[in-house]
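In the two complexes below, subunit A is the common chain; its partner is subunit B in one and subunit C in the other.
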Partner chain A sequence: MMTKKISDSIRRVDAVDKAGGYTQYISDMSFDELHYGRLVRGLRSHARITHIDLPALPDGYYFITKDHIPEGGKNEIQQIGTDWPVFADDEVTFYGETIGILVGPDREKVLEIERSISIEYEKLEAVFTIDDGLAMKTGLINGTNNTYADYHLNKGDVDAGFARADQIIEDEITTGFQEHLYMEPQGMVAQYVDGDYIITASCQCPFYLRKAVANVLNTDKEHIIVRQAVTGGAFGGKEHFPDIIAAPLVVAARVVGKPIQVVFDRKDDISFTAKRHPSRGIFRTGLDKEGNIVAMDVDVTINAGAYMSCSNIVLQRAIFSINSVYDIPNVHVRGRSVATNAFPSDAFRGFGAPQGIFLAEMHLSHIASHLGIDPASYKQRYFISKGDTTITNGLMHDEVKLPLMLEKAAEASDLYEKQRLYATGSGKGMGVSFYNHGAGFTGNGEKEIIKARLRMKKHRNGHVDILLSNVEMGQGLQTTFPKIAAAILEIPMEDISCDNPDTSIVPDSGPTVASRSLMVVGKLVERASQQLKERWDESPEVEVEVKYIHPEGCQWDQETLQGDAYPTYGWGVCIVEVEVDPATAEVETKGIWTVHDVGIAIDEMIVHGQVNGGVIQSLGYGSLEKLEYKDGRFYQNTLADYMIPTSMDFPMMSSQLVDNPYENGPFGAKGLGELVFDGASAAFADAVQQAIGKNINRIPVTPEYIMEVMNS
Partner chain B sequence: MSTITFRLNEKNISLEADPASRLLDLLREDLGLSAVKEGCGEGECGACSVLKDGVLVNSCMVPVGTIEHCSIETLEGLRETDEGRCIIEAFADTGAVQCGFCTPGMVMASIALLRSNARPTLEEIKVALSGNLCRCTGYDMIIKGVQLAAERGDGIW
Partner chain C sequence: MVKTYRPENLQEALRIRRETHAVPLAGGTDLMVRYRSWAGTLPKFPWPVLFINHLTELKTMGLREDGLHIGAGVTLSEIEREMEAPQALRAAVSEMAAPALRNLGTLAGNICNASPAGDAVCVLYALDAQVVLTSLSGARTVSVMDFITGPGRKDLNDDELMTDIIIPHANFSHVSYRKVGTRKANALSKMSFCALAKTKLGRIDDVRIAFGAVGPTVVRSWETEKKLLGMDADDLKDHLSAIHDDYDAMIHPIDDQRSTAVYRKQVSLNLLDQFLQNLVKEL
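For the complex of A and B:
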């Protein structure tokens, strides 16, 4: 019986097995007659394939290409669009595009054969940057203007606002690529058994994988069974990218007739998987004589790469985040996702929001510095409140607790005293960022696209199964879902199972993305548990099924991007203290303080784990994680040159929560997995600019970049 | 191929292996010890941490030829011991485990630390874990796990 509060921490159900090394990940699992697959990639940025010189293959070895796609199957992967082919179709459009897959029983032999494949190309011109893509330097990659989307948001009257402006502040701010660096590289095994394709994968979205490959195989979805393997971190990197591996792999599995494993080594994983979109924001902001904003015009572009993937949805979130926690009058935002020959970018924790928030936070800080006002004080003028109008002309339904949260963060960090002591340019600085994250899918996506379903089943022995498709990938769902059920059913956690999903067993409760799982699917667990409790004694076995119900009062038009973009938001304040060495420009982070509103924490220890991990990942993004695209490929491709934070890089952090229950989340919980990433990089950059007394315009803020800024 | 004789988890073992091959592959593939994870294969992430004569090493960087007559300890040999249980339980209690892929290596690094320094300072813990990368936790709860294991393990370490 659970008599404690829902927030009180319990042990994660998977902790001991994982810490003891008992847990089997995909590369630990045994399969009879396991074969090994290697993706053979086109190592050109843009080229026509003129000849493939393949050595004579020994018996039992195969080179699978588009010619092996079953009759009636298509050489296209069904994602949001269908532009990304399974196998490059005569032309390679980015460095690393799949041409074929080499398969055989001995891994070393497969690697040896791979080295002796020679591919001849006719070189074509390529573009890699946002500007070169927009200028169509090499002609068209997509559409009529090399964009996948070109959106406009208008709030108020921008022209009338600018007409009242006393001065205009202009800014150009950019963010770079970021590699997910989940500790477990991409991996899966596919097999073809009696007409069924079985994919066992480290992944976030089993039903996405099923959909992605169905048209390739020209088979019913029921003949594709996806089983999630224990997933060693994902962060968005295992949302869509597994589709790109699974599609050629299932084609091969049908031909070879044996289970085939593809596990990336780390160098391949950094070199040849999707990253966070680089972004740029060009701001023009009008101020009146008192320094108040009267209008803002923003041009946001993201480098989407050679295929669309989910870039337009990322772009939507990026432009919706341009005003994040602020109610700013008279705003126009243009957003474009730009086609280039760069590796296609894709989902990464925050999904455009970290970019939009960073751009906006830095711009507002620059305005404040220009006016000689402390940025945090200046930003407070524009805090959005309940009932205010959002950037998509929707209504802010949340009670916004930012003033209280700032007060708590300021007290914990001794913000005002330190601001008094550390003069601008003194080498010491306090940076503050404010952020929110729309929890769940944009607009009416849950209602129109996902339509989540969930089942719970009581067995004769009283044991309860929760059947859903959301995966445990480190964030704790296999603890929090049963915890919700246990609290309602008033039975011990041990009597409830929530196993890794298998698409032939579980209903589709949607993908494990968009900070939706605990809030939206957790609500279904809550409702199903209530129904099961009412019907508990009906018969020895009871099964209930629940469907998603859209919150009342949330209106959205996906065509015009107008209305309530999200049903609710998580909120955050982050304060970072730094000291910059004047000689080396090395930055030492002296303190990190956060306060978050995640509704109600379902488990405080799990929430603090998310906060800690998300903030450090964001500080890595802001300070260390330099990933350049040079000569048409990722220049950093090992852990020796792509730096992520170690235990030595940042101090222990202080994190607090404020309660603000959300009626459509279980026990009042809201989504939080991405929120906790969204703001720390801006707080870090803000702290550095206070310390050096000059504007920071991009991340990562490396010592080399600080030196460049200080010398300018 | 040559015959390699070494001590693995307190048992003597002798087998045929390529001396230039990686200890990581010998442990995972030939001996089925899957608590040893491959995170990078280049000695940077620590997921494949084992103890070689009591010293923490990345098994991906150790050629099999160099372990002749050495003692190799993996998590499989330690998880049922007082030391192993102490760390594993402490990690579970402090929330040190998320996706879990780095965790076996973190447990090995923690054992190596506490064996040589039963009451480490915060800074000593950070240094001891600095060769083991984690992308989920931000490290605080792992560090607290080591502190708790040190506290609870009076007499073990």
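For the complex of A and C:
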């Protein structure tokens, strides 16, 4: 039976199978005559390949390279750009770039052959940091100045603002790489059957995969069938990166004629997949005599790596997030995505917003501390409200409930009393962060690029199929989509299916990204369900199809990046309490309190799951997840060295929701998957800087870094 | 293919060890990880493997005249629960890895790993622990600190098996063990610190101070410890900075993927100072 309110929790449809270990992931699936593939990578940061010494291959074993790309096919992967080749084209431009793929039926034998392949190189100079990339130390990697994009945002009159400044506060704040560490590593199986390529993949975006490889194979998209395998976590790491595995794999599948599996071991997955972009923000902020901000000039750079991938879209969200929940007068933001020989960075939960928000939250905290004002109170002065102007000169359409949310979080955490008790530098501190996340694609992406379509089908027996391309990857979509439909159709959940998508069956409702699935596609489910309900008795079988409708009043110019960057926002407040050990600088997190506005929760338990996971992942990013790029490669590449938090590290969390229904989301729901990641790292760092009485300028805030700051 | 042996008893194990020099594997929590290979293929051990996990002769633990004996097959979990085991050792063991690994891993394996970051090893240094090395020709007993000769290097002949660990009797009025890990659970050490002291009539009667993961082997100085013997609160107070300087000169950590030399050194000295200052107060 349906529950009374849409928010009331029901049992997830995948709960028993996943908790019980019955679920079949890609490595559990059986295929006849399955072959195994290993990517042969260029283990140089920048080098010309001069010779590949290949042992004699036994029958049934293949080494596939760019020479095997079918006639008319291109050695380029169709992502947002096409710069990333399928196989390194004579030159390796980052450590781990694919040169070939070794395939065979026996894994021991494949390993043995791999060990005897020797590749000779001529070394070329490489750069890894934002500064060295910008300085073009080794010449040009991309464009005319080693950037993939150079954006400017202007709000108000920055020069006039600075002219009124009484003092100027400068800051340089940075964030590091972050590994996704989805529980299930990257994996897929590709096969070539009667002219069709079938890719069964752990992935977020089946239609992206199809598009990525079509030009490589020089074939019609309809001949590429992508079936999503149960996906054990993704966090953005399976948005574009599966393209990089699928492209060489389909080339091999055509040559070998057998299904081929590529599944990364954990160490390969950490060493050789894309990460969150490292970022830097250089701030110059003018204050008047009362300490009010009169102008702000920000230079944001992200380390994009050797190929563009989706870096420019990440950069856009990073710079749009520089004022996040604040209405600050007279702002200029420059944003550049910098080309280097680092492993290309890519999508990761929050997609640039966590970087932008961290940089800005810390800078505002530093200003407040400089003025001797508590950061939370200072930031409150600038809370944006409905009708205010955003950083892209758009309109804030939402009712903003931040003051209420702060009140709730402050009460739950006893913020003001603890702030009074814990003197700055006392070893104890309360940190507060505020954040929002634009839900869905940037600007008019949904309207111009995605154009989502969705079908629902009633069968003779009354069973309903929801046909869409968004995937269950742990976030609960295979429960929440049917839940929306069940509530409208007034039929039991068991009578509705929402299976893993197959591109030859489902319409393209877009990728599973950008906190868009439940809000944008869920709205389509709602509308399709309403239509199906109206036509239910029309005939024994009824099929309806709906298309995305762009919200009225949302204007956007993608050329100038002006207007309403997002149709709506989720909102958050996070408070963290810490105690710093004076001998070891280890941080004990005493409490975490959050309040989020996600519109309306479609299922409270699922929302809380997202809040808990996102906040803890963000705290890991802020405190533990050190990932150094040393000698051109990731230095912490095992689970023994790359530290994500355990429940012992962040034991206690209280989370609350406030309702704030959004008319273009189903039942008023907004996107939340990324929102809940965006702010906790800043709250943690803020708490530490209160506790030690000195500014924190980067994450992760490790004990080593805290000790360095304490000693300075 | 890797050649493996599963002997019926210790005697047979020793014979196989002499004949094949097969490497003993008890819990396998280090070796299986170190020699892991591509999923679906066998671990790539470069030598034959001798399974000893099931040998009952190695499973005993108990007090004897010369101290607590811990068989080489005794798991970390069993030590964690053993009331007769020294407090510092139980503390160290309880913070190692995760419960599932502690149910498999052995203290003997941890010692044979000869890692300068082995948490238990730091405590065993402070406890003057010894190991019994047995071969078909007999048994010899050496101290843990003589047994471990460098990172991954140990004084173990290729026909010997470690069969027992002996922790001599001793009582301490002050016990301090601190593991500074990469996170709060299931973590490797950035450094570890073990300090034990016994006071008698307001003076230091026995003291041992050991630092793990700050050099090629655990750092412990008999010379400095000797200086501390007999001190009362005032003496100790007067000598705090001299003692600090002694260890400052001895501790030479490195930068690696887990931490930095600067941090390791400063934390070592901070924990030392903290321990000695507490001792001043309590003498």
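In the analysis below, the second predicted complex is superposed on the first by the 710 of 712 C-alpha atoms of A that agree within 3 Å, B and C clash if a C-alpha of one lies under 4 Å from a C-alpha of the other, contacts with A are read in each partner's own complex, and residues count from 1 in each chain.
Simple rule for what comes next: a residue touches a chain if its C-beta (ideal position, glycine included) is under 8 Å from a C-beta of that chain, and two chains touch if they have at least 3 such contacts.
Given the structure is predicted, the values throughout are model-derived calculations rather than measurements.
Q: Given the touch rule stated above, what does A:A423 touch, subunit B (first), subunit C (second), both, or neither?
A: A:A423 sits against neither subunit B nor subunit C.
Q: Which partner does A:T646 reach: the first (subunit B), the second (subunit C), both, or neither?
A: both
Q: Tell me which partner touches more residues of subunit A in the superposed arrangement, subunit B or subunit C.
A: If we count touched residues of subunit A for both partners, the winner is B.
Q: Quick check on the superposed pair: does A:A163 touch subunit B, subunit C, both, or neither? Answer first, second, both or neither.
A: The answer is neither, since A:A163 touches no partner chain.
Q: Considering only touches as defined above, state whether A:S27 meets subunit B (first), subunit C (second), both or neither.
A: both
Q: Between subunit B and subunit C, whom does A:G613 touch in the aligned arrangement: first, second, both, or neither?
A: first
Q: Go through the superposed model and pick first if A:L624 touches only subunit B, second if only subunit C, both, or neither.
A: second
Q: After superposition on the shared chain, which partner residues are touched by A:D265: those of subunit B (first), subunit C (second), both, or neither?
A: After superposition on chain A, A:D265 lies in contact with both partners, subunit B and subunit C.
Q: Examine A:I505 and indicate which partner it touches, taking first as subunit B and second as subunit C; both and neither are also allowed.
A: After superposing on A, A:I505 lies clear of both subunit B and subunit C.
Q: Tell me the contact category for A:A583 with respect to subunit B and subunit C: first, second, both or neither.
A: In the superposition, A:A583 contacts subunit C only.
Q: Using the superposition described at the top, list the residues of subunit A that contact subunit B and also contact subunit C.
A: Common interface on subunit A, subunit B vs subunit C: 27, 265, 640, 645-648.
Q: Which residues of subunit A touch subunit C once you look at their complex with the stated criterion?
A: Residues 27, 36, 38, 107-108, 111, 263, 265, 582-586, 624, 628, 635-636, 640-641, 643, 645-649, 703-704, 707-708, 711.
Q: Quick check: in the complex, which residue numbers of subunit C touch subunit A?
A: Touch residues, subunit C against subunit A: 37-42, 178, 180, 182-188, 190, 257-260, 262-263, 266-267, 270-271, 274.
Q: Within their complex, state which residues of subunit B touch subunit A.
A: Subunit B residues touching subunit A: 28, 34-42, 44-45, 47, 75-76, 79, 84, 87-89, 91-104, 107, 122, 125-127, 129-143.
Q: Could you list, by residue number, the parts of subunit A that touch subunit B in their complex?
A: By the definition above, subunit A touches subunit B via 9, 11-12, 14-25, 27-28, 180-185, 230-235, 265-267, 473-476, 605-606, 608-609, 612-617, 638-640, 644-648, 650, 652-653.
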